[in-house]
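There are two complexes below, and they share chain A, which is joined by chain B in the first and by chain C in the second.
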Partner chain A sequence: MCGIIGVIDRTKARMDGSSIKRALSLMNERGSGEGAGYVAYGIYPDYPDCYAIHVFFDNLIEPKSKVDEVLQKWGRIVHQEEIPTYEQPGLKKEHVPWRYFYKPYTDFIVGSNNPAEDIVKHLVMAVNSTIPGALIFSSGINLGVFKAAGWPEDVADFYRIEDYKGYIWLAHNRYPTNTPGWWGGAHPFNLLDWAVVHNGEITSYGTNKRYVESNGYKCTMSTDTEVVAYLFDLLGRRHGLPSEMVVEALAPHFWDEIDRMPEKEQKLQRTLRLTYGPALMNGPFAIVVATSKGIVGFTDRIKLRPLVVGENGSRLYISSEEAAIRVMDPEVNTIYMPRAGEPVVGRVVQ
Partner chain B sequence: METMTIDAKGMHYTPLNRMIREAVASGVKDIVIDNVLGQRFIANGLRGDVRITINGVPGGDLGMFMSGPECIVRGDCEHAPGNTMDNGTIVIHGSAGDAVAHSMRGGRVFVRGNIGYRGGIHMKEYSQKRPVLVIGGTSHAFLGEYMAGGIILVLGIGHETTLEDRGIGSGIHGGEIIIRGDVEDRLLGVGARKVRFTDEDLKRLSPLIKEFCERIEVDPVPFMDTNYTRIVPASSRPFAGKYTWE
Partner chain C sequence: MSLGSVPLKYKISIDRDQCMKCMRCVDNCSYGVYRIENDKILIDSRRCTACHRCISMCPRDAISLQEKPVDYRSHPLWTAQAREDIINQARTGKIILAGMGNAMDYPVIFDRLVLDACQVTNPSIDPLREPMELRTYLGKKPARLQFTRDDKGDIELKTELAPNLKLETPIMIGHMSYGAISLNAQLSMAKAVARTGTFMGTGEGGMHESLYPYQNNMIVQVASGRFGVDINYLERGAAIEIKIGQGAKPGIGGHLPGEKVCTDVSCTRMIPLGSDAISPAPHHDIYSIEDLAQLVRSLKEATEWKKPIFVKIAAVHNVAAIAAGIARSSADAVVIDGFRGGTGAAPKVFRDNVGIPIEAAVAAVDQKLNDQGVRNEISVIASGGIRNSADLAKSIALGADAVYIGTASLIALGCRVCGNCYRGLCPWGIATQRPDLVNRIDTDVGAEHVANLIHAWTLELSELMGAAGINSIESLRGNRDRLRGYMLDEGMLNVLKVDPVGA
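And then the complex of A and B:
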């Protein structure tokens, strides 16, 4: 059991983190104090073309010098600093959160449609699997993940998330069941523009992990949700599928439902299921995924985890509990429960 | 009758439930709780003759193990109101989340709006104890999953087709599910079968239909016919051969 909530302002009006902190704290019962986190899009407008690379360092000597070295080989560090944190009595600081604003040299690789993103992805995988004491947990442009092992309020106060303003926020309160709670295992999980929060279990993790690893990803965070971020990056960014179609590949329709579809749609759904069989996610889950362009929420096909949607004007909310939405926005006027497996999409309007 | 009003704004459920218990112990028969938002376990295990009006959206497991009181919710509910409830009544004037009336063993849960997935999962009955779940609107999939007893009634008010989600009565081995209008065969779960809704059934259920309609202030007359589908167990052991060999 975990608690999730996400919000998008489709006009890109920015909200500070204080209201999502209240919403997540309302769902304290869904966590165990072993992991909480937030991601916000639009928080670094001063660095609009830099990858914001957030790293947990065990210390600032060996791991950091190695990360500095590999980053400087592949690009330019425009600015770097320790992420400001504020001591909390209920939270033990186990890592030093650090951020780099970074521009990769795009002429270093060939054969890529997007060399900058492929270099950053390569760096994330390389650092996380080869540099002990360093973990890159956030690597997108103009967005940032803030997470730790603790309760939602403590983690929010540790980073003072009310000091950040974003037009998309996702938040997660963790109740670890299958793997230990630790800073890197807290949600959201992020790679490049993708961020994921997840309540449940991916029981197909083994199959999904082998599939993403055969496509150049490395799972290093000892928890199943990481694989969802890589699946979205692979299908959404590299294969170019729209987010609704990614959801259809990960949580496909039942065969008997496909049999009743019009012929053209049947053909598409069959092709998706056959092509992306190893990406199909089994098990109980409710997931919200964000990119800079919008958010999408969905559950497993037989709805073994809760998901509620709320709307108020330009704002769309997706959460485990209705009360959490109402705490964030007492004026919310539409509340509904989407069907199992059905993607709920909120897109930025330009 | 003594009435007590509690402002629950920002209050945790533990002190809230303590206040409710103390009030009931001191003889209060009517409690109004304002500004409820997300407080779980309200009226859990509560016994006695008391009416609790909840203004707002209570958190999960409202009235769990409750035996006797009446809870009236002016708002929506989260998951599992009436969880393993023993006796009494819950009236929800909004909609509710998943697993409404989960494992309920007695009493009544009335929902004016819609419910989520797995409503009435594993409801049961024994002797005189026969729990009832009535839904004014519609329900998502797996209604009455593993149902072992009791009655689920869905009226489909405001919906052209009452139920459109799959797995109705999946694994049902006791009790009955009554649905307004027709139900497509493909929506039936494993172990569920449709039977005709007879005049006898209408006679038996009309007091319940009337009471529900009065509670949610809807005219009961249009519902007093046999245009219902009755779903019952195909056998008392739908999964007899699934995990064991005979």
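And then the complex of A and C:
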């Protein structure tokens, strides 16, 4: 059990973090005070072409000097600072959250269609698997994850998320069973432009993990949600599938349904399932994934976790609870529950 | 000098109070254990193979069988078997033949692996109420999807799927040739796989005409003897399997004795009546991996790239690298046959000592293909000693797409694993060509039993998956997270990539 909520303003009008903090706190029944987090897109307009790399350091001596070294080897640190935090009585500061604004040298690797992203992905995997005391938990452009072990309101106040303005927000209230109290285990999970919040347990984790590992990712966070971000990165970015199709690969139609489809659709769905069988996600889950271009929410194929959608003008909300949407936006005029496996997409209008 | 006789293997006795002298035992025993003298049933226990035919046909349960009725002086090294083999070879100077699978007491890894189930944090799925998908496609899969966009900006699929076999359940019946087993045994299994939406192998003996109605559920085999292979045969198969090796006897060929080559077998195999059918150890056109790739392509060309091609290898030490080489050819699936795989006849020294267990082999192959980023592009079929649905589920969790069963399907036809298949006298009508014995199998009843077995395992697999919160077979495949090793050593856990219980 966990609580999730996501919002997008399709016109890219920016919202500060105060209302999503209220919505997430409303779902404290779904958490246990051992993990909460937020991600917001559009918060770093001053660094529009830099990767914002958020790191948890255990101290600023050995781990930081190693991270500095590897980052400087692969690119230029445009700016770096400690992420401002404010002491909270209910939250113990376990790590120093740090951020780098970073430009990789794109001529350093060959054979890549997108060298900058591949370098950043490589750095995330390398730092997280080889530098003890450092964990990169956010690595996209003009976006940032803010998370810690604690109740949603404490985490929000710790980072003062009302000081950040984004056009997409995802948030997560955690009831951990696997890695309680570990900051790295809190959601959202992020890699490059992808961020994920997830309520559930992926029973196919072993299969999914092997598949992403076979494609060069390393799972380092001991939790199943991480693999969702990597699957979206692999299928969405590297294989170039549109996000609806990524969802159809991860939560595909049942064979019974596919067998009844018109021939062309049937062929597409069959090819999709055969090609991406190891990416199929099983077990109970509700997930919201974001990129700078939009958000997509979906559940497992038999909807063993709740997901509710709300709309008001340019704003689209996806949440575990209707009440959370209503506290965020009392004016919300459409509320509905998507079917199992059906993707709910909110795209930025250009 | 005489070595004398070795002790009886089995002792048969009849409870004379129970016996009603119906003579069913006399009629049923093809090994000649029973005979009638002066209205009395006499017993020659020395001829008994423990095939249980008489016992199962006795209406009064009057027959009992005792194994090892005569003790040897016990010795941990010089077992009765070791001593008897030596006596036997001292007499004959020959290779000892044996049937069925590996009879050595190696630990069974399957029995040291346990499966997972859901509690609280994720709900188990009830297959009676929710869909449970076991459908499995075997064949080449694309590494990724590719699209083009049409004028309206709509997505058009560019990727073309290679032909795949569609299985309704990931259980197939492996290759047991006509000749090694009877036509009625093959027919029973063919009807069963057609009914359950899966496939069986023809073995290296061609395809008899009476199997043609089931050809859409049959995989034809091309082995080193090329028996029965012509274009008609290749085109009839739903898929084609190149047999390089067999788990029961890796590295050597096959030998069907001339006595088993009756008219029908000779026609189907395309060899002279009564001649020995000897399959050479290697294919004489395959001396390296590129030769295999060429044969795969040749078979594909011959059948216009319409059929998946499987390559079957025995699980030997270097199985992972060999499978990786096969994955680089146009082959659609690699079959790994573990050292417990059954056989009609194999030199005992091979059957019992050469090769590795399927559990380790399939895990190593899956890992190697995964490391090389090609696992999903080729299918992996596990075979050799799969006894029940738990072995099936564990094989899939270790990385197999599907399994072949052999011995299990024969047991469903009556086989009691007596291990005398090579003698051609099978009283159950399975490993024999003697018409009176073959006729003991009613193919409709046989088909029902085999289909029941496949159906029962399928149900059990659904329940196991549902309990683990998985509703699609893809999510069990290679999912070692749902396995734990119980009393396995660290080296083995590392090969299997499985955590120990409690971890």
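Criterion: the second predicted complex is superposed on the first by the 346 of 350 C-alpha atoms of A that agree within 3 Å, B and C clash if a C-alpha of one lies under 4 Å from a C-alpha of the other, contacts with A are read in each partner's own complex, and residues count from 1 in each chain.
We take it that a contact is a pair of C-beta atoms (placed from the backbone, for glycine too) under 8 Å apart; a residue touches a chain by one contact, two chains touch by 3 or more.
Model, not experiment: these values are computed from the prediction.
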Which of chain B and chain C A:292 touches, first, second, both or neither: neither
Chain B versus chain C as contact partner of A:243, first or second or both or neither: neither
Which superposed partner A:210 touches (first chain B, second chain C, both, neither): second
Chain B versus chain C as contact partner of A:256, first or second or both or neither: both
Which of chain B and chain C A:26 touches, first, second, both or neither: first
Which superposed partner A:173 touches (first chain B, second chain C, both, neither): neither
Contacts of A:190 with chain B and chain C, given as first, second, both or neither: neither
Touching partner for A:302 - first (chain B), second (chain C), both, neither: both
Contacts of A:142 with chain B and chain C, given as first, second, both or neither: neither
Shared chain A surface residues [contacts with chain B and with chain C]: 256, 302
Touching residues (chain side chain C, partner chain A) in the complex: 118, 121-123, 125, 130-131, 133, 135, 137, 141-145, 147, 155, 157, 159, 161, 164, 370-373, 375-376, 397, 468-472, 474-482
Chain A residues within the chain C interface of the complex: 177, 200-201, 203-207, 209-211, 213-216, 239-242, 245, 254-256, 267-268, 270-278, 280-284, 301-302, 304
In the complex, chain A residues that touch chain B: 26-27, 29, 256, 302-303, 306, 308, 321-324, 326-327, 335, 337, 339-340
Residue ranges of chain B in contact with chain A within the complex: 37-38, 40, 57, 59-60, 76, 78-79, 95, 97-98, 114, 116-118, 140-142, 165, 167, 186
